[in-house]
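These are the structures in question, set out in turn.
What follows is a pair of complexes built around chain A, which joins chain B in one and chain C in the other.
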Partner chain A sequence: MIKFKINDQQVQAQPGWTVLETARQHGINIPTLCYHEAVEPSGACRLCVVELREGDWSKVVISCMYPVAEGLNVYTDSQRVKNVRRWILEMLLAECPASKEIQALAAEYGVGSTRFAVHNPEEQCILCGLCSRVCAQVVGANAISTVGRGVHKQIGAPYMIPTDKCVACGCCVTVCPTGAMRSRFDAVRGVPKVVLAHGAR
Partner chain B sequence: MDNGNGCKIGVFLCECGRRIAPLVDLKGLEQKLAQDPAVSYVATLPFACLTPGLSNLRQAVAANGLDRLLVAGCEARILLKKFEGELLSAGLDEGQVDMVNLRDHVAQVSDLSPEDKAAKGFKLIQAAVAGLAALTPTVREKVEFKGPVMVLGGGIATYSAAQELSRRGIESVLAVATDEWEDEIRMLHEHYPGERHYYDRLKEIMKEVDASPYIRRITVGELTGLTGRTGSYQATFSDPTGGPPRVHEVSAVIACLDGQMLNQGSNFGHDGRNVICHTEAEEMMWTLGVPEGKVLFWINDYEAGHPEYAYLSSRAAWSMARYMRSHSPRTQVTIFYNHNMSIPLSTGERAASRQLGITWVPYDGSLRPTVQTGYVTYCDPVSHLECEMPWDKLILSPRRSVGHEALKVAQVLGLEHVEGHFLEQHKQRVRPEMVGRAETILAGSARYPCDLHESLRQGRRAAAGVAEIAATAARGELYAPRMVCVVDASKCIGCGLCKEICDCGGIEPVEGPGGNIPRHVDPMVCTGGGTCAAACPYHALTQQNNTTAQREARVAALARGLAADEVLAFGCAWGGLAAADNAGVKGLKYDPRLYMLRVSCIGQLDPSVMARAFLEGAGGLLLIGCPPEDCHHSYGLDHTWSRVNLLKKLLALCGFDRRRIALAHADLNEPEEYIRTAEAFVSQVAALGPIERTPDNLEKLRGLYSTVNNARVRWVLGASLRRPWEDVYPGNQRNALIFDRDFMGVLSEEFIRARVANLLSSEHRPFQLSELAAALKEDEAPVMESLREMVGEGLIGRMHKDGVAHYVLRS
Partner chain C sequence: MSKASTAPQLEGQRLNSVADLELLRQNRQEQQDPNRAEVIVCHGTGCLANGSPKVAQALKQAVAAAGLEAAVKPLIKITGCHGFCSRGPLVVIRPQGIFYQRVQPGDAEEIVEQTLKQGQTVERLLYHDPQSDELLATVEDIPFYNLQQRVVLKNIGWVDPTDIRDTILRGGYLALAKALSGMTPEQVVAEVERSGLRGRGGAGFPTGRKWRSALKAIEKKGRPVYVVCNGDEGDPGAFMDRTIMEGDPHAVIEGMIIGAFALGAEQGYIYVRAEYPVAIRHLSLAMAQARELGLLGQNILGSGFNFDIQINRGAGAFVCGESTALFTSIEGRAGEPRPKYVRSVEEGLWGRPTVLNNVETWANVPQIVEKGGEWYAGIGVPHSTGTKVFSLVGKVNNVGLVEVPMGVPLAHIVEKIGGGVPGGKPFKAVQTGGPSGGCIPYALKDTPVDYDSLTKAGSMMGSGGMIVMDERDCVVDVAAYFLKFLEEESCGKCIPCRLGLSRMREMLESFGMGQGSEEDLQDLGSLAAAIADGALCALGGSAPNPVLTTVRYFKDEYLAHINEHRCPAGVCKELITYSIDAEACTGCMTCARACPQEAISGQKKKPHVIDEAKCIRCGICLESCKFGAVLVR
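Here is the complex of A and B:
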């Protein structure tokens, strides 16, 4: 049994739990986007950051992957954490301004607009990759992944053409934290064509 | 506490952070469930799905000896697999864990008070608990691989498959017609013309196969039978020397089948001498050498009606042209192609083509070229001028078909063949874990037209697939999926209806085709669609761990608890249920009077489940499947339409409104449309009002329930279901009306018979005809007709008292 503190409240955890799991078990809310209970955490969105304090010194870590340890001093809603989350949300607002979910979350933290350049006002996807993790770990189909690199990175089937690996279960649409998968789904499931010869379709 | 079924069910309510807890009165719900005798243990957890919650679950299971578990939380589609995986170590197998979507079907989708939401959740949980209580769990079935892998069919992919198997160290038996592999290369152009450049590589493969210690070659006649199941097959071959048939015990079968090339008809001027096809041209080059003069390849696949094969034909033509030019410089070669297609050459090949002086001439595809003696007239695509192209030899593309030999083998293997198609089968779009064996193990151009390279690749791929399964089996880790169909051999009469409907190919007779032999199911092939089980006239075919009895228990428990204006619905996990989940995730609000139950395919719903809903007091039943032609299993939606139609007819016979049951479909990506569907149906049923629970109505509903379980009715229904080889639903109205009339006749007969039988069995005393007719409120003539038939069949006895006939049920 590991004992430590979250927001000055004494909590207990088992070895192997993460800070996020322990917080949730004790009814402490930490916002998340790319985290889903059905799959392994990946730490892509950084929204679940918490502050770990040790005397005068403190650091900010992601709670979804941080393992519990004896004597931790975790703050989930301190000023520093709120600042980091506001920065993240401001960046997300620039990345996917069209997502209602992101807008609502930003408004909760008092972020109404962004100072970063908006490249695509229609964008909804934060490229957290939750959809592809669910597709691989829950469905086992491995139909979608990130395609391209850098600023060209997007979510889709290989070569952005409908794939017969997709079983059209819609798990990616259900778990998507920003509602972006909805418009991408049709380009993944499609109607798979029979390949007549290698190279020819 | 025990619930009478000898099982202990634990229910866990999930708070899911702020998404369920404040919206639903979980405390009240927990108290209510604690008083339910069917529930042995109930607890509320903050997050059942996270590591702390999962350890709580396992502790509760161990401490209370629970053998069934229900989590009322979120989507079963996404989290059920995690719970199943985590609870396997606690002794709960797949099927013994179930989920109710409290969050997306109750908490998030309406503005009801927390108490009302708890009441709705309670009814849904009760239904799921009843379903779990009705479960008879099976033991996990281990699949073993006994004997070598057999590669049969004689296609060229035999060699690549055998090579792959031997490289992976798996023993194989090659069933071939002849021992001489040089002969096979000599005749290969019959199936794959224009592949000479590949022969050296093919010889290497053949040599490797010849030298491998893992490969045994047997010379056999025709394949006459294949029985057994994945891991243990018996393949029967006729003896080429005329002896008795030989049986080989093998663990798996890879069928390598080559398609057939046919000549074009005379509409392209084919005469077999100067106007020839690819295969004839190859044969000519083998025997007479390369022809001299002007050789013209016409890629005429567009005109022959198969533009999709133009790629293959032009590749073959290019390969033959290259051979001709490099072996006979005096031959002029032109390839004549439709301008709608692109030249299928890489940059390097284009350069080689130019260097060899092969000309590619396009023609305008909107005008069909005409073959005349010595030249072809065509329209130039640029200038639109009519031009002539001279030739000494005109070589046409071949026509492609499966071929007679391959078809015979396919028939024995039980592969469904659709006229005019190749053997490539409709693939069920289900999760990989739902199928034991990923695909039909079939390779070669009979599967779909392809070139030699692709054919060999298919052989290797099939072999790799088999090798992987065999390796898993050798480690002792190969288990058959648990939600598959099984046959109760004592009930099965071997009618073959299930085999006709099954399109995953899992159902086969035990020994040879035909005859009244009980069928059996290969659990490694069955995808668990279950429409076959719902169609069985004798309830001999069931889906283990997911039975009709469970669904009936679920629907009965829910229907008993519903208020007058509330509606029961079944949602398919790929369509309706997923759309409802997504509506909850998006937080859309809709009519809370809809109670949705989960099925993995809407086709699993036996008509008896639908009838049971009405019998137990539901006022309306909505079935929401996938979009049309999008069923993930086979034709679940089509089959359900037929079943709903049966229910509608029976409701009309009972004097109830036909609109109380409806089939709908929903796209999971369009939750708003799903809401429109749901609300339309709920308001429709609310307008109709409840079915009054009067003795008369109950008697009719019991009759309805008995009628849908009647073998004759189920047979007639089964005959009308869409078959897998039917490309489109044959909804021919003339046939439909004739069928309707006959079906209605059968139904009205069987309905009265069922009601007579129910009445006689409920009161153990003799009845007169007039009494019976009065009790059933029917005319005497149809009742008399039923009585006469039932007496004739020995179901009821007739005795005379005071000169009046009395009828009594025979025990």
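Here is the complex of A and C:
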């Protein structure tokens, strides 16, 4: 058992756990968007940031990937942590204004509106890549991935052409934290293959 | 044991022992005629662009035509970058060390006739020193060179990078021979630790400590272990690593072989960006020649130690210079970084212990092993030892590549070696460390250039780019430029970097248009802190630095934009107007002809007028006017 503190509260963790897993085990809330138990964490959304402190030293890390260690001092809601979360949420409000989930989360952190220009009022996707990770790691279909780089990044099938590799299982729709995959599912899925019984024509 | 009788045939033969290598060196030395003239033509990037291949061709023809005696036939040698790029194409004639600048193909015959035949200098090609107002004949006389201390660059400008024997003659692979013949891997690591060498790629992590922790990780996880060289130099205005890879590829390769010997690695990778085709060609050629001689590959110098290197080309992503993104790129996946909570010495390439060092770091290793860690630690200052190569660019007279001991004042590099700002005014700021570094103002010109002092000033060592700015550079515009660069180079994996950088740039651009408030400036600082804390890798994490340092040192200039709607540097187009000073204007019509918008009207010998409605504020009139009559407000 590894012992350390979250928000000055003593917690225990198994070796190999992350700070987020330990926090959730102890009922301590840390918000996440791109995290899902079914797949490897990737550290894309950065909402799960926490602050580590040791005397005067302090550092902000993401709890979904930070391995537990004896004697850590973790703060999940400090000033620095809130600053990161608030700015992320304010930017997401402008980036995916159609997502109810983002609006609710932003309101929770006191971010009611955004100062930034909205590019697409219909957008819901935060590009966390959870859908493509599920498709690769759980389903094994590798039908979708992130395409492009930086501000041009998007989610799609290779060459943005609907693909037969998609087995229409709907896992991506299920894990999507903002409901964005619902509306792009048909842009990914090719013509479903008609699988006939053995010997049939 | 090799016999003396086999020595003459050593050319082109595999070297089977350390003694063979020494024999080859001695053979080459004996073949050298100390009086033989060598005409060295710089083929660095700047000189290539200025036409140095044509100069080399013309010199070869002139030598052939002059019919000089075969015994003293001069050698035309092509080398890597000499560093004094603003003066190219450069030609150096050894053994005297005569330095000719801005040489054109038409000068070749005169050089052969005057210098090679009669031993006189061609005065009009010599360097004129603006400070002493003298013509300086040799490399050693020129302040740009004699104020430098060349350790990493010592072979560049001397050896032909395409011929391994030339490098061997000048002491190449001596360190490898020393390591293989008398040192244990442990002693090699200890020597590097003693040298105090810190990573030259930017973060400045002590190289010896990195190797030591890799050894510990190997104890736990076993081998294979990989050594990797980061040649994905991408900072705007930086070309140190490129010069080393192009001009002295064997220094990098030898450093990696020594590192592999110390760590017990059998496979190494050099990750070079595809935009450096000459570096890739020279490295490949150097590796092929080293393999042929038995300095790379199986059973190196007969020692039983095997190690080989593979070159991986980048595909244009700046972020692949980040260690974890570099590994994923080598592994064949999209170059995106991952959090480094487990360090790459424990889990790097293919999940194995990996030592990743920068090109310049690897190139330092052979000399540390050869001359000892203590010798190296004696150069520079206690916590930043050795020398550092900087590429000096921007508003500075002597644009080029300089190498100085760590800890020299910033002003020494910019004003003494760099010759200061054209026009003689003091510089406004120096941007160090590339897009992730910061701007250091003139007031801090005595800041020692070492890792810790630069960090204290809000900037960083980075890979060694130094961009000099003068009063005509607007800090708001500069900060927006660097953000734009990083915004385009962001991999887009994490939200703070993907969205935050473009939002920061939008805020800066609104300042540049005279919009925004002081409150916005504070919010910009808060957003910058959120990105620095929240971003996944160092690209996003250090991206706010140019903004933070310019706000810290040039807040007045930001406030002038915001409150007074004025750009003191005269750069931000929305805030400036061009006009013509009727007193100073001679009516020469030059500006009117140059103006692409035909916005300037007026008659000959009468003052001209700029039509503000047509003016696009491109500044061409300002550059074309010889009388200083164009005003920017």
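Throughout what follows, the second predicted complex is superposed on the first by the 190 of 201 C-alpha atoms of A that agree within 3 Å, B and C clash if a C-alpha of one lies under 4 Å from a C-alpha of the other, contacts with A are read in each partner's own complex, and residues count from 1 in each chain.
Just so we're on the same page, a contact is a pair of C-beta atoms (placed from the backbone, for glycine too) under 8 Å apart; a residue touches a chain by one contact, two chains touch by 3 or more.
It should be emphasised that the depicted structure is a prediction, and the values quoted were computed from it without experimental measurement.
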| item | value |
| --- | --- |
| Clash or fit (per the criteria above) of chain B with chain C on chain A | fit |
| Partner chain in contact with A:182 - chain B first, chain C second, else both or neither | first |
| Touching partner for A:65 - first (chain B), second (chain C), both, neither | second |
| Touching partner for A:149 - first (chain B), second (chain C), both, neither | second |
| Contacts of A:1 with chain B and chain C, given as first, second, both or neither | neither |
| First, second, both or neither for A:104, with chain B first and chain C second | neither |
| Contacts of A:88 with chain B and chain C, given as first, second, both or neither | second |
| Shortest CA-CA distance in Å separating chain B from chain C in the superposed model | 18 |
| Chain C-contacting residues of chain A that also contact chain B | none |
| Of chain C, residues touching chain A in the complex | 317, 334, 338-339, 341-342, 487-496, 498-500, 502-503, 506, 526-527, 529-531, 533-536 |
| Of all residues in chain A, those that touch chain C in their complex | 42-46, 49, 60-62, 65-67, 80, 83-84, 86-88, 91-92, 95, 116-117, 126-127, 129, 146, 148-153 |
| Chain B contact footprint on chain A (complex, rising order) | 13-14, 16-18, 21-22, 24-27, 29, 36-38, 134, 138-141, 164, 166-171, 173-175, 179, 182, 185-186, 194-200 |
| Chain B residues within the chain A interface of the complex | 15, 17-18, 46-47, 49-53, 55, 75, 77-79, 81-82, 308-309, 311-312, 315, 344, 424, 427, 429-433, 448-451, 453-454, 457, 573-574, 578, 581-582, 585-586, 630, 632, 668-669 |
